[in-house]
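Structures are listed in the sections that come next.
In the two complexes below, subunit A is the common chain; its partner is subunit B in one and subunit C in the other.
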Partner chain A sequence: MDLLLVQAVANGLLIGAVYGLAALGLTLIWGIMDVVNLAHGEFVLFGAYLTFVLFSQRGAFGGINPLLSLLLVVPAGLVLGIILYRLLLQRVVGRPALTTLLLTFGLSILFNNSLLNWFGPDVRIVRWAQGSLVMGGVALPWTRLIAFGLVVLSSLCLFAFLQRTYGGKAIRAVMQDSEAAAALGIDTQRVLTTAFAVGTMLAMVAGMLVSVALSFSPANGVQFSVTSFVICVVGGLGRPLGAMLGGLIVGLVESFTGIFISQAYTPAMVSLLLIAFLLVRPAGLFGKVVR
Partner chain B sequence: MKAGRSSVIACAMLVIALAIAEHGAVAQGQAEMIKIGMTNSFSGGLAQAASPVWRGVMVWQDWVNAQGGIMVKDRNKKMQVQVVYYDDETSRENLIRLYEKLATSDNVDFFFAPYGSGQTFVVAGLGDKYKKFMVSTSGAAPNIYQQGYKYIVQGIMQADEFGRPYLDMLAKVDPNHKKIAMIYEDHLFPKSVATLVKDVADKLGFQVVLFDRFPAGAQDVSAVLTRVKQLKPDHIYFMANIEGSIVGLRQMSELKVRARSIGILDNGMYYYKQALGGKLLDGIMGPVEWDMSQRYKGITLGPNNDEFLALHKKRFPGVEPDNHTPLGTNAGLILQRAIELAGTLDSVKVRAQFCSMKLTTLMGPQAWDCDTGLMKYPSEGGMPAIVTQWREDASTVTVWPPEFGDIKLLKFPVNKF
Partner chain C sequence: MMGIRRVAALWRRPTPLLALAVCGLLALVPLSDNAEWITFCITMMNLIVLTYSLNMVVGLTGYLSFGHVVFWGLGAYTAGAVVMAGGGPISYNPYWVAPLGGIVSLVFAGIIGYPTMRLRGAYFAIATVSINIAVQTLFFNLEPLGGAEGLPLNRALLNLADRVTPAYYVLLGLLFLAFWTHYGILKSKIGYGLRAILNDEDVADTMGVNATGYKVATFAVAAFFAGVAGSAWGIFQNFVDPENFRLGISVDLFVIMMLGGAGTALGPLVGGVIYYVIRDLLILRFPYLHLMIFGVVILVIVLAFPGGLIGTLRQRHRGLRAVLE
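And then the complex of A and B:
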């Protein structure tokens, strides 16, 4: 039983970290511009497919290392975010919620069907770093260990960006009060562009991790969006630390439910978690409670 | 004036008459084809498994038209076949709408069911509604045919027959190791197989240490596999759609879930080797409807394996057929034979042929239960499932049952992972 418990914790934390990074991008965008990006799952898929394409360039054992593919995934995410914000999102920020929902829903359909047309419906796996580290009977897949390490690194980088750079501080300022930030001379449009770009980039980096740690196909876009949404609610909107912790919580809930009850109930338990937070603490773990 | 008005009316009548004649000619031209309607999941969750079946139908269309078409006695001629199809996007809402369109707008003569038990279940009643006979290409779940519908027959073996051979083989080759973990995806086909073969496992004396399910389409099944690992079964029977099996096998290797044998459904599919590679697959085994290594003797209708491959290559160059592809071809062949025997395109009379019709195609011998339209079991002349096993070079060999496979080729125990 002890070994089972340790494996449950290990499984939950390793996958939860990937979930958390995926949600990080969504919570940043949602928190700063009040836009629920329904195309978030497709951004994750973009990162996954880009990694897959690079890895497959010269066959399964001769392609570009997924870690090196980050050199392309990161700038691609930033550029995509900038383009989408400037061309589309900028026009709907501040508009009624239905407007932004419809826009991002449309983007989700467009992107998902584009991926379907380009890559087909086949399930893809990046066959890299196969095997596991076995410690005391607990199996820790290398892909998930590496993903966990990258999540920690990404989180530290994001933390440093938000805390130590002008751009990061500006994002936090706009998140707190956009009018006051503008009054203090902060270029809010530039900040929103940056936030959307960083959020998109984080989603694509999460996609790179998904490509090595899990499997993916165009059909998984909605699943990523929904899981990220739940994590944002659990962690608190616009709270990066909350997103990470929320991801770990969701990962652990899934793992413990699957091992000690039945894997068939994991979606239900995650839904119950969402409902519980909405009822008891709608601001999430780190959100501000408004009385 | 009166003469002028009469001229106008006469001209109008002439124009109308010509229009009807032309439309009639077109309609008559269209009536020369036997139109068969179907949807295929070109996108969505089942696309990976479904599209090969559609390709098989297209291969049959090419083959039968190259023969001149299907002989329809009451028309005294051979009629070419036209398959009308749409993308159902693996969406149940689309299925109903599209099959109704096929029936009412496209005016097809017959239906092929969509891919899979779940989707076939959704449209099974539409054959009765529109009085159009339907052949199910891949609906293995018997409850589809136990709903009392009269216009549908099964073009594949029943779910328990599909799942049984792996257990029969294990009982024979490894009688002293009977602990088995049975995991299944919560989707109609794998669920049907699992529910039915659990009874088979009990009757064969297996000790089912775990019988559990995971959500359809789950990307992470590490939780249930961790439970399996803890129980240390002798055998694992992992029953899922192709996508689920890919996820399961990969995570079994990551979590070092070990057993003397590991069985999956639809073994030998191209997508496994594409996603996982031969090294991981080596030794994995399981039931499948058809395999290239499987050559039935005494084919009474349709192409043999080599002819089928040549036709497929011509129609779909660069695309490999897989184990599901001949299901589509087979559906066309059994419909063709029923029409030929009935001598008419009348759906009731075509359906009636399945009460006595027997034939052997590249998918093996086939016979049907008259009342339900279910495929009979192999002992009664129905379609058999076979067990194949992967090799490290990503090829497969047929190892069971003895009349169709070679048990000497079986690598056992596998002791993976």
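And then the complex of A and C:
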């Protein structure tokens, strides 16, 4: 029983970290431009499928190590984010939630069904670094350990970016008060583009980790979006640290439900967690209560 | 004299007449005895009723109900549970159960609407998705009602012909009732209240509009229509399963609503007919691409024609503003 408990905690933390990284991207975009990107789950899937294609294809460029594929996933995420922001999102920033949600909803349908057409509905996984590290009877899959390490590394990079660089400081300034930031000479459009690109990139990196540590299919798109959203609500909107902590909480809830109740009820439990938070503490753990 | 004046007023504001004409045409379809057309129209009317239900919430209050299918599924399962309670063939026409499905959905909407409609924007949208997922998970695991395998309504023992005609007229009646309710809301004091909420909820609240009451009431009435449609659909299919809660159905509803024009009384009707004609053409030409194309359609409508067909026509032509609502 005790061992099972430790296993549940370990599973929850390892998976929760990956969710947290995905949610980090969403919370960044949401916090800065007040746009809830309903296509976020599809960005996660883009990262997963890109890794999968690079890994499973044959020939000279086949069998690429998922860690190396990061070299392609990161720039691809940034470029995709920039293109989408300049092409579409820019036109709706500041408009009512109805408009922005419907736009990203349309994007989500387009992307999800493109993936469905391209790759089919099959559940995929990148079979790499199989096996587990067994410590005192608790099994820790290598892939999830590596994923956990990469999450720590990428979130440290993000925090360094947000705290130390001009671009990161500008993002935080615009997040706090975009008019004041603009008055001080910060190019708001450029900052929003950067934030959207970084958010998209984080989602795709999370997708790369999902592809080795979990399984995925186009049907998971909505699930990734909803999970990321729940994490943002739990952690507090626009709070990077809250997103990481929220990810761990959601991971633990999923893992405990799966081990002690039934795997079949995990989607319902995550939904209940969201509803509970919305009712009791809508500002989240780290959010400030406004109004 | 009053009667004549009322009829004259109808001619000046011919929106109900247009809807009546479309419903009249639809009423003639079963006379053709063409099974293909009849099934086509049943599917179409089911989705149009659902779109009216969605339109009352999204179009009138501005609250994005992404998990709206939950009310349809609950209606279907209500019909399934009632028909399958007890043993042996049932002695009544199962379609009498349909209003009960609506009432279950109405009550459920009232219960979840009261806390969730205090949420704004994306919070409400994702809360409805979550509720939909939670309810679907529940029915996936609810073995007495068939669990994941679904529940055949084999106590109803109706042959196909006996199921089709009543389903057709139940849905047609429901369609007109949904239009009439939407039109009625638009013309009533509640309609003005809802428009105020849509424009600025805080201001509406301060000006004495009972925002929460209006929103929840609209939500519940909308859910009623989805519930009755779900019941009728379940009985028509003679089968209910957790697919009745599939989130993807919302895609169709949103496309129809936005094609026609969110918030307009004729929108779902016009949008539904256009959608079905386009979809039939698209599925034949591009069997696997139609959903991708619908994604693009949503993007184009949001960016270029946010009012949909009816909304854009109203905006561009002053004369049509009184005619199309």
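Everything below uses one rule, namely that the second predicted complex is superposed on the first by the 286 of 291 C-alpha atoms of A that agree within 3 Å, B and C clash if a C-alpha of one lies under 4 Å from a C-alpha of the other, contacts with A are read in each partner's own complex, and residues count from 1 in each chain.
In this text, a contact is a pair of C-beta atoms (placed from the backbone, for glycine too) under 8 Å apart; a residue touches a chain by one contact, two chains touch by 3 or more.
These figures come from a predicted structure and were not determined experimentally.
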* Sticking to the clash and touch definitions up top, decide whether subunit B and subunit C on subunit A clash or fit. => clash
* **First (subunit B), second (subunit C), both or neither touched by A:264** => both
* Partner chain in contact with A:15 - subunit B first, subunit C second, else both or neither -> first
* Asked: Is A:272 touching the first partner subunit B, the second partner subunit C, both, or neither of them?
  -> second
* Partner chain in contact with A:56 - subunit B first, subunit C second, else both or neither -> neither
* Between subunit B (first) and subunit C (second), which does A:3 come into contact with in this model arrangement: first, second, both, or neither? -> first
* Which of the two partners, first being subunit B and second being subunit C, lies in contact with A:132: first, second, both, or neither? -> first
* **subunit B and subunit C contact sites that coincide on subunit A, given as residue numbers** => 113, 116, 262, 264, 267
* Structure fact -> The subunit A residues in contact with subunit C across the complex are 30, 36, 88, 91-92, 96-99, 101-103, 105-111, 113-114, 116-117, 222, 226, 229-230, 233, 262, 264-265, 267-268, 270-272, 274-275, 278-279, 282
* To do: Please name which positions on subunit B make contact with subunit A in the complex.
  => 41-45, 47-48, 51, 90, 186, 212-215, 217-224, 226-227, 229-230, 242-243, 246-247, 250-251, 253-256, 271, 274-277, 280
* What residues of subunit A sit close enough to touch subunit B in their complex? -> 3-4, 7-8, 11, 15, 60, 113, 116, 120-125, 127, 130-132, 134, 139, 141, 143-144, 214-220, 223, 254-255, 257-259, 262-264, 266-267
* **subunit A partner contacts - residues on subunit C that touch it in the complex** => 58, 62, 64, 66, 115-116, 119-123, 125-127, 129-131, 133-134, 136-138, 140-141, 247, 251, 254, 258, 288-289, 291-292, 294-299, 302-303, 306
